[in-house]
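Across the two complexes that follow, chain A remains constant while its partner is chain B and subsequently chain C.
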Partner chain A sequence: MSYLFATLFYVSLGIFAAGLALKLRQYWSVPAPLKIPTTPAPITRSGVVFRMFREVVFFESLFRATKWTWIFGWMFHLGLALAFVRHLRYVVSSDFFIWPLINNWLVQFAGQYASLIMLVGLLGLLGRRIFVDRVRYISAPSDYLMLILIIMITVSGIMMSFIAPIDVVGLKAFMVGLMVFDWQELPSSIFLIIHLGLVAVLAIIFPFSKLLHAPGVFFSPTRNQVDNPREQRHVADWARSLDLDSADQSSG
Partner chain B sequence: MRAILGQLFLLGPMLIVGSVVAGDRVSLPKYPQPVGEKCVEPADIMRREHMNFILHQRDETVYKGIRGITAKHSLKDCIDCHAGYDEQGKAMPINAKGQFCESCHNYVAVSIDCFGCHRTTPDEINKMRQLTVKFNQDRPYGGE
Partner chain C sequence: MAKPDFEIPELKADTEAPAVQEGTMSHSSPFIAKPEHQRPLSYPGELVEDWHDRAIAKMSDLLGKYRSFRVYLDSCVKCGACTDKCHYFLGTSDPNNMPVGRQDLLRKVYRRYFTLVGKYLPGLVGAQNLTREVLDEWYSYYHQCSQCRRCSVFCPYGIDTSEISMAAREILNDIGMGQKYCNEIIAKVFKIGNNLGLPEPALVDTLEGLEEDVFEDEGVEVKYPLDEKGADVLLVTPSADFFAEPHVDGLIGYGKVFHEAGISWTLSSHASEAANFGLFIGSYENMRNVSMRIREAAQELGVKRIVFGECGHAWRVAYSFLNTLAGPFDFLDPKYPIPQHILEVTHDLIKRDAIKLDPSANDDIIVTFHDSCNIARATRMGDMPGGQFVIPREVIKAAVNNFVDMAPETIHDATFCCGGGGGLLTDDLIELRVKGAVPRMNALKHVIEEYGVTHMAAICAICKSQFTKVLPYYGMGMDMIVSVHQLVSNAIVLEAKQ
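Our next item is the complex of A and B:
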C-alpha cells in the first residue's frame, strides 16, 4: 500500500505539474487582440494590481454578481487556504525557517476548524446546483463531480482531524520520505487512504478541469488590462509586425 | 489570500531541494527511552489516541471524582515512565526540547496545553512518600 501510494503521488504530481505548465503556456501565448477591461477599470498598472488583488482575495466581481454564490464560494476558498497552511506541517521540516509560522497554535487551530467552514461552503455550492432551477439547468456532470470530489476529501480530512485520529508522526515520515526518495510506511487508516487517493485524483484532473480558474483568473483580459485605450494604442504582440502605425509608435 | 498561496506553492520545490541537500534523509523524532515493561495501551493505539485517553481520564477524575488505582490513563503516570533524566539524575521537563512529549509534538506542529496546569516532571514528593511507606514496611515499627 505504501509503495502504491508513493507511485500514485509521483505520477499524479507529474501530471499536475506538466499539465499545469502546458496550460499556463497556452494562457500566456494566446492573443488578446482587443482592449476589453470591464469598466470602471483602473487607468494605471498599479491600479490593475490592486484590482486583481481584490478579485483574487475577495472575489469582487462574484460579490457584485451573486451574493449567495459569493458567500459559499468565499467560505470554501478561505477554509481551503487555512487548511492548506495547516497541511504544510507534513512537508516542512521542523528546522526550516518558516516552521515557527506553521508551528503556531493559532495557525493550526484555524486550519483545523477551517475544514468545517470549507464543508459548509461546499454544501452550499452543491445545494445551489441542485435547488436553484436556472443553475441546475446549466450544470454539467463535471460540475457535480468536482464538488463531490472535494467534499469527500474534506469529509475524510474532518474524520481524521476530529473523530478517528491517525498516526500523524508516521504520516509526516511518509510525506518527507516521498520528498527525499527514502520511502516510509504509510500509517494505516481507511480515511487516510480515501483522503490521499482522492487528492491524487484531484491533482490529475486539475489541469483538465474548471479548477484552472485558479491560475486562469490572472490571465483574464477583462480584469488584467489597464483602461488606457486612448492614451496608448493597444496592439497585440503577434499583430505588431503587421501594423504600420504601431511600428511608428514603438520607435517614437 | 490566494496571492499568498501562490507564494507558498513556490515553497514546495524549495523545500524539496532544501531537504535533499540537507541529506539526512527522513528525520524522525528522537526521545528518551521510557522505563517499565509496557505502556498502558499498545503503542500504535497510544500514538493515535493518547490525547483522548487523557481527556477522558480528566472527565473521570475531575467531573466524576473517580481517583486512585482505577486511573489507567493518568497523565502523572505517563510522566513517571517517560521522563528523561540529565547527567545529575535530575528529571527533565517532559515538554522540554527533545523530551518525550515535545519531540513528536514539535515534529508535527501540535501544541500541548497540559502543562499550563500540570507538572512536567515526576512527582518527587509523591515518590518520597512511596519510598517512606516501603521503608517502614521493610522495617516494622520498633525495629533496629
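Our next item is the complex of A and C:
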C-alpha cells in the first residue's frame, strides 16, 4: 500500500507539474493582439495588480453578479486556503523557518474548522447546480463529478480531523520520506487512503479540466490589461507583419 | 410598423430571469452573405466543400492568435453567474442565449478536437463533433450576440462572450458562411467609404442642405465642410449622421460646437464612416483595412487632430484599437488625445467657458441617458476610469435642466445593450431586436411612469436606429430618442462671430 501511494504521489505530482507548465507556456505564448480590458479599468500597472487582487481574493465580479454563488464559492475557496496552510505541517520540516507560522494554535484551529466551511460552500454550490434551472442546463457530468470529488476529499478530511484521528506523526514521516526518497510506512486509515487517493486524482486532472480557471484568471485580458490604448501603441507580433506589408506597398 | 408574427413581451417594473425554455430562438438566423458580399472581404463566396476541416483549422489558427479565445475556452467553471446577464436571454428565455450557453456551442467543439478529455471521453465534458447541425446552431446563436460585454463584467474570470462570438463569426466567414448585413456593409466601405454607400456628391448635397437649414433656423452661417485640406480637426462620424433621424441633429450639433469654439474642422469623403463592422465579424484584417482609411484621410487632409462623432462600437475601435491598427499617429498634434471623442471636446469647451449653453432651451423635456454598451464597457472618455459615464452626463446636464438616471443596475457598466448592436441591426433579425430590448424598455418605462421622462438620449448610431425602430412595438414614441449633441444643438448660444 505504501509503495502504491508513493508511486501515485510521484506520478500525480509529475502530471500536475508538467501539464500545468505546458498550459502556462501555451497561455503565455499566445498574444492578446488588441486592448480589451472590461472598462472602467485601471490606467496603471499597479491599478491592474489591485484589480486582480480584488478579483482573486474577494471574487469582486462574482459578488456583483450573484450573492448566493459568491457566498458559497467564497466559503469554499477560503476554507480551501486555510486548510491548505494547515496541511503544510505534513510536509514542512520542523526546523524550517516558516514552521512557527504553520504550527501554531490559530492556524491549526482555523485550518481544522475551515474544512466545515468548505463543506457548506461545496454543498451550496452543488445545490445551486441541481436546483437553479439555468445552472442545471449548463452543467455537464464532469461538473457534478468535480464537486463530488472535492466533497469526498473534504469529508474524508473531516473524518480524520474530528472523528477518526490518524497517526499524524506517522503521516508526516511518510510525507517527508517521499520528499527525500526514503519511503516510510503509510499509517493505516481508510479515510487517509480515500483522501490521498482522491487528491492525487484531482492533481492529475487539474491541467485537463476547468480547474484551469485558477491560472486562467491571471491571463484574462479583460482583467489584466491596463486601459491606456491611446497613450501606448499595443501591437502583437503576428500583427506587426501587416504593418510591414503596408509599409512595403507605400514605399514600393 | 408591420404587424409582427411573434409575441411582443410584456414590460415589467423589474427585469427578472425567466425560466429556461429551450429552442425559443432556434429559428432566428440572419440572411447569409452572397458571393458578391464575401469576395471583397477575401472570404470564399459560399460554403466550401471541406468546411469541416477548414473550420477546425481556422479554430486552431485563432487559438494561437488570441489569448482571450484560448484562455476563455478553458477557464469557464460553469458557475452560472453570467446566465441571467444577457438581454437576449432575458428577452427570449432561450438557454443558448445565456452567455455561457452561447460559449458552450463552440466550447463543445473545442473540447472534442483540442482537449484530451474531450477526445477520449466526450460525454463526460459535453464534447461534440462539428456537424452541419452544430454549424447552423453557430450561425444562428452567434448572430444573437450583440457583443455588448455585459457578461464579462460579471464573470469571475472576465470571460467575454463577445470574444467567442467574434471568433465564431470569423470561422464562419472563413468557410464561406458569412452574414449578409455585415459583409455587404464592409464591402461598401471599401468601395465608397461608408456603410450606407453614400457617394461624395450625395454627401456634398446633404451638408449644403444642413448649412441652409441651420442658417434658416439660427441666422448664423455654420459650415459643414467636406474634404477641406488644412483644417485642424478631421471629424469621423457614423454615416447615419448624414441623414437618419435623430442622428443628423447630432451632426448639426457638432458643427455648431466647432463653429462657436472657432475650431476649423472637416469631414472626409474617403473616411466618411466611423463605424467599423470589421469588429463585428472578428476580423483583424478587415477591421484594420477600414481603419487605415481614417489614417489615409488624416494624412491627405493634413489635419492635426482626429475627433469621432457619437457612435458606440465605433468609439471602441477608435479608442481601443485605432492606435494599434493604424498607428502610430506621430503626424498629429500630441497635445490632444488621439483620437478624441466629440463629447470630450464639447465637455472641455463647456468647462473652459469657451462655449455657452442655455439649458432652458430644453425646458420642455425631461431626459434620461442610455449608456451604450461598447462605450461603457470597452472604452473610456477623459483621463479617469469611468469618464465615459461622467462626461456625457455632464454635457447633458449643461444642456438640459431636467435629467434623471434609470435604475442603477441598468446604467454605467451594468448597462443593457439596446438590442441591435454587434451587427444585428437588420430587419431579418427584428424579432431578436424587439425581444432583446426588453431590459432597457423596462427601465425606460419605469422612469417614464415615475418621473415623467419624455426623452432618452443616446450616443451611438446603432442605439438611435434600434430604439427608433423598436420603441413603437412597446407603445412608446419613436421620437423619444435623441442625440446628445441634439440637446447641445438646442441649447448652444450662437454668437455670430465673423
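Note that in this section the second predicted complex is superposed on the first by the 239 of 252 C-alpha atoms of A that agree within 3 Å, B and C clash if a C-alpha of one lies under 4 Å from a C-alpha of the other, contacts with A are read in each partner's own complex, and residues count from 1 in each chain.
Keep in mind that, in the parts below, a residue touches a chain if its C-beta (ideal position, glycine included) is under 8 Å from a C-beta of that chain, and two chains touch if they have at least 3 such contacts.
Bear in mind that the values here come from a model prediction, so they are computed numbers and not experimental data.
S.K.: May I ask you to decide whether A:42 touches chain B, chain C, both, or neither, giving the answer as first, second, both or neither?
M.R.: In the superposition, A:42 touches chain C alone.
S.K.: Which chain, chain B or chain C, ends up touching more residues of chain A in the combined arrangement?
M.R.: C
S.K.: Thinking of the overlay built on chain A, is A:223 touched by chain B (first), by chain C (second), by both, or by neither?
M.R.: second
S.K.: Go through the superposed model and pick first if A:194 touches only chain B, second if only chain C, both, or neither.
M.R.: Neither partner.
S.K.: Give one of first, second, both or neither to describe whether A:152 is in contact with chain B, with chain C, with both, or with none.
M.R.: So A:152 meets neither chain B nor chain C here.
S.K.: Once the structures are superposed on A, label A:142 by its partner contacts, choosing first (chain B), second (chain C), both or neither.
M.R.: In the superposition, A:142 touches chain C alone.
S.K.: Using the superposition on chain A described above, determine whether A:126 touches chain B (first), chain C (second), both, or neither.
M.R.: A:126 sits against neither chain B nor chain C.
S.K.: Touching A:34 in the superposition: chain B (first), chain C (second), both, neither?
M.R.: Once the two structures are laid over each other on A, A:34 reaches chain C alone.
S.K.: Regarding the shared-chain residue A:24, is it in contact with chain B (first), chain C (second), both, or neither?
M.R.: neither
S.K.: Mind listing the chain B positions that touch chain A in their complex?
M.R.: Those residues of chain B that touch chain A are 1-5, 8, 11-12, 15-16, 18-20, 22, 25-29, 44, 47-49, 51-52, 104, 106-111.
S.K.: Help me check something: in the complex, which residues belonging to chain A touch chain B?
M.R.: On the chain A side, the touching residues are 53, 56-57, 77-78, 81, 84-85, 88-94, 96, 98-99, 102-105, 108, 165-170, 172-173, 176-177, 179-180, 182, 184, 214.
S.K.: Sort out for me which residues of chain A touch chain C in the complex.
M.R.: Spelled out, the residues of chain A in touch with chain C are 23, 26-27, 30-36, 38-43, 55, 59, 61-62, 64-66, 69, 73, 128-129, 132-135, 137-143, 145, 205, 208-210, 212-213, 216-217, 219-223, 227, 229-230, 232-236, 238-239, 242, 246.
S.K.: With touch defined as at the start, can you tell me which chain C residues reach chain A in the complex?
M.R.: 17, 19-20, 63-68, 70-72, 74-85, 95, 98, 100-101, 104, 115-117, 123-126, 149, 152-160, 163, 284-285, 288, 292, 319-321, 323-324, 327-328, 337-339, 376-380, 383-386, 388-389, 413-414
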